[in-house]
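Listed below are the structures to be examined.
Same chain, two partners: subunit A is paired with subunit B first, then with subunit C.
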Partner chain A sequence: MDPHISPQSAIETSSTAMPSEAPLLMAAWAVFRKDVRSELRTRYALNAILLFAVSTVVAMSMGMGPLTVSRNADLPIIQAALLWVAILFAAFTGLARAFVQEEEARTAAALRLSARPTAVFLGKLLFNLALLLLLVAVTTTLFIIMLRVQAGNPGLLAALLLAGSLGLVAATTLIAAIIARASVKGALFAVLSFPLLAPLLVVAIQGSANAIAGRGWESGVGSLQVLAGYTIALFTASLFLFNSVWEP
Partner chain B sequence: MSDRLRLDQAAKFLLGVWMSGIVVAMFLIVPQYVGLGDAGRIIILHVPTAWITTVAFAVSAVYSIRYLWKRRPADDAGAVAAAEAGFLFCALATVSGMWFANIVWGTPWNWDPRETTILILLLIYAAYFALRSALDDVERRRRLAAVYNLFAAVTMPFLLFVAPRMADSTLHPNCAFIQGSHCDGIWLELNGTRIGQLGDVVLALQGVEQRGDLAVAQVEVRMPGLREVALLEPSFELASGKPADRPEFPGQQFLLAVEGVDLANGRVLLNMEAPGSGLLSNSRTFWTFMAANIGFLGLFIWLYRLRADVLLLQERLARREAAYELPA
Partner chain C sequence: MNEPLRLIVNDVAIEYGARRVLAGVSFELCAGETLVVAGANGSGKSSLLRVICGLQRPARGTVVIRTNGTVLRPSEALHLLGWVAPDLYLYRELTALENLAFFAAVRGIRCTRADLEALLDRVGLGGRGDDLLAAYSSGMTQRLRYAYALLHRPRILALDEPTVTFDARGVALVEQVIARQRDHGITIIATNDPREERFGDYILRLAQ
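Now for the complex of A and B:
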């Protein structure tokens, strides 16, 4: 199939033929582009998570004022914990959107007809990842400016934020698909996701604290390995389980 | 059928007698443990319930796999029933543990690795029930709950790996089951590495000498929150090769023990013990503990099978009601 084909026509052509005929990654890319396009039209999730992130950081900054190392020896871990909590809760507000919106607009059935479940999952995963990376970039920048965080090892911090985001998305995309079918969607998403994200959160916070404190890469390698393992395990499990979730 | 019923009755009766025996043994047969007093008896109740919690989680996950595979309502009923019984045991283990910790360790909660894992397990169970109650369609509820159950099971190994990193040491005895905690102790040498660290305590070996059949080590202890340096003298029984006198760290419930001595080279193996280590080396305690494990396992099996039967019966009634179109 022509890679430059528009997502609408990609879905149309594949729905007239057997859905499984489109190559998997191409179909996933089409789902991703469809989501990006519809998100850019409504900007619902974008507005929600970005404003949520901004208000969280502003609230923290207002509440604490600038913290300085001389006043608190545990500063790196406090800052890392606050940063990840802000990211986590902003993610809870926005990441369920990809699937919830399909149910609310009653377009899920059409999507089921036009793409294989795995393609849908990969497309949504990609979309959530893009959304989360944007969120992480905005939150971290604001955090560094407003709370006067001095990241001692910015490279390690960036690597941990990226690895943490990958894990977060791998864990929450399947949950988003689950809660899209339930009746109290918003609250349920956080309730179901948090226990699964606990290990990720602990590792990411500890690693980020090391990065903020300016320790070397060797202090963060363990955290990165755990995050990578977590991401791979949950991603694989999601691929196996998504078919059961996506059944009508 | 009536034979099975009679067997069930007999098993139930036996379980009742067995559990009462355990409760009696917990107070009459199990000896008091030095340093813990009567609080040490909790091992008979607390450890089996915590253990059953994990068993229940695994049973529930296996039923969930079977449900997704064969789509039989009975498997889903098994998964729910195991999760509900597991939740009950999980709550019991958490509350009894917090109670014990408050008495012995001085605080009900301190993010000890096992406390972390059991809390997350409690949250997972709660989330599982919340999800079930939020889905109206029966078939979809079963399917999605099974998926969530399995997805949660995938994260558990990471939790077991991560939790020990949250605290440097564990207050729970028998830490050999927990990865990453300092169970092995440290060797300090008079003519080499004299200073070492256990958790957040810094130890400095000052001397080792033989007094009768005891080897006594002088150890300087520095720890956060302690202004002065304390000198402790743990000792080691040379004949039996076991720690003799275990002094307490000042202001804490931990004990300092000498677990090995090399007098010729002035080397000493030092370790930190939580009170209650070696609790099971007493044979009376050990056998009561084992009996309690079996008893609680029986209790769990009885509970979850009963609950699964009730769930299936409920569903059959609902289906019959629908068939006859009875008014609700």
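Now for the complex of A and C:
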């Protein structure tokens, strides 16, 4: 194991200018665009989350029928809980994909050697957000149609779905990077994510219930503020922690 | 300050679990120098290159890159490092041009399609830029690895088994790349092919 270095000839040295680093946001945008292009060609995450979302809502609809038939005071909270559970479980099937794909296809080394960690994180986060917003749009539309849900305050419901999605993505993108190198990825993603997402879910469900019940914006402001605070806290923590997770 | 580029590998040890692959390797290279790391399979050549490129953490020791009075660790010197290896994988669902355009974008390199086509032409992939990587042969994939590694004109080029899967024209390409790198920076070659030892100014022999 002892190395030996033997000189063969002397070489003249030369020096060239050091190239500059890519602007962070441009590099992040490039990662996002690459992931979108890859996803549109492979449709791995897209198919998984959409199939899960559709089958969950259809199963709910077939099992329970239109919930409006037996309208009662608890109905909005039940509907909100069902909606968020469907979104959460569908998200679990696809949101880890951005990092898992890099590890499984063994392209992570090329990416590590080319892009700054923060650019990778932001690009993947943006991709996950786009995927989740698509999932939320499809799930909510199907949910409203198939379960005949009457959203009394659709503006507030949309704001809460957006705020909840931002929080969900802020929390799960870092976890996706952590589990990408593990052997039991799927189970680990759900196990690590759930404790982090529990507070988000409680607040999002309560706020969404108010929106479905048709209460005014003042009933949802508190939930929106908590979700915004949650998103900022998780996003900041993830940004600081990502370097340690991503680097070998 | 116009200090020449220096790569300083100091007492690097590599372990996989309880198995020590490499114990205390140290060397220093300046711009214009080429080092060949020779040794049998499992002697730690590839791992040493991965450590130098910041893709693997050593069990002990440091790798430092100095240029113009600045000390950089490999993880901070992405724009100085180029790596070609059998375990370098690019995106199979993208075309060669899309791959290169992506890596150029994340590196902040402004380049046109013509620039990328010229690079592909240089590595012998002229006219194949719009093919998906999934359709590439192993030799073509290896050529694309060179295009990936040379895209940003790296000052430190790490070549792991540089001629593997190459035909005679591919070997000529490698010779050309190494010759050009001599004017530009440092080259480190990991190989177990004795014919490739001729590329080096220095030879580091690793025993198993």
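By our rule, the second predicted complex is superposed on the first by the 225 of 248 C-alpha atoms of A that agree within 3 Å, B and C clash if a C-alpha of one lies under 4 Å from a C-alpha of the other, contacts with A are read in each partner's own complex, and residues count from 1 in each chain.
As a working rule, a residue touches a chain if its C-beta (ideal position, glycine included) is under 8 Å from a C-beta of that chain, and two chains touch if they have at least 3 such contacts.
Being a predicted model, the structure only gives us computed values, none of them experimental.
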item: First, second, both or neither for A:42, with subunit B first and subunit C second; value: second
item: Which superposed partner A:26 touches (first subunit B, second subunit C, both, neither); value: second
item: Superposed model, subunit A: greater residue contact from subunit B or subunit C; value: C
item: A:171 touches, of subunit B and subunit C: first, second, both or neither?; value: first
item: Partner chain in contact with A:239 - subunit B first, subunit C second, else both or neither; value: neither
item: Which superposed partner A:130 touches (first subunit B, second subunit C, both, neither); value: neither
item: First, second, both or neither for A:119, with subunit B first and subunit C second; value: second
item: First (subunit B), second (subunit C), both or neither touched by A:34; value: second
item: First, second, both or neither for A:110, with subunit B first and subunit C second; value: second
item: Residues of subunit A contacting subunit B in one complex and subunit C in the other; value: 247
item: Touching residues (chain side subunit B, partner subunit A) in the complex; value: 68, 116, 120, 123-124, 126-127, 130-131, 134-137, 140, 143-144, 146-148, 150-152, 154-155, 157-159, 161-163, 165-166
item: Interface residues, subunit A side, partner subunit C - complex; value: 1-16, 18-23, 26-27, 29-31, 33-34, 37-38, 41-42, 105-107, 109-116, 119, 247-248
item: For the subunit C and subunit A complex, residues of the former touching the latter; value: 2, 4-5, 20, 22-23, 25, 27, 30-35, 43, 50, 53-57, 67-68, 75, 78-81, 83, 87-94, 98, 102-103, 105-109, 148, 152-153, 155, 182-185, 200-208
item: Of subunit A, residues touching subunit B in the complex; value: 171, 174-175, 178-179, 181-184, 188, 191-192, 194-196, 198-200, 202-203, 206, 226, 229-230, 233-234, 237-238, 241, 244-245, 247
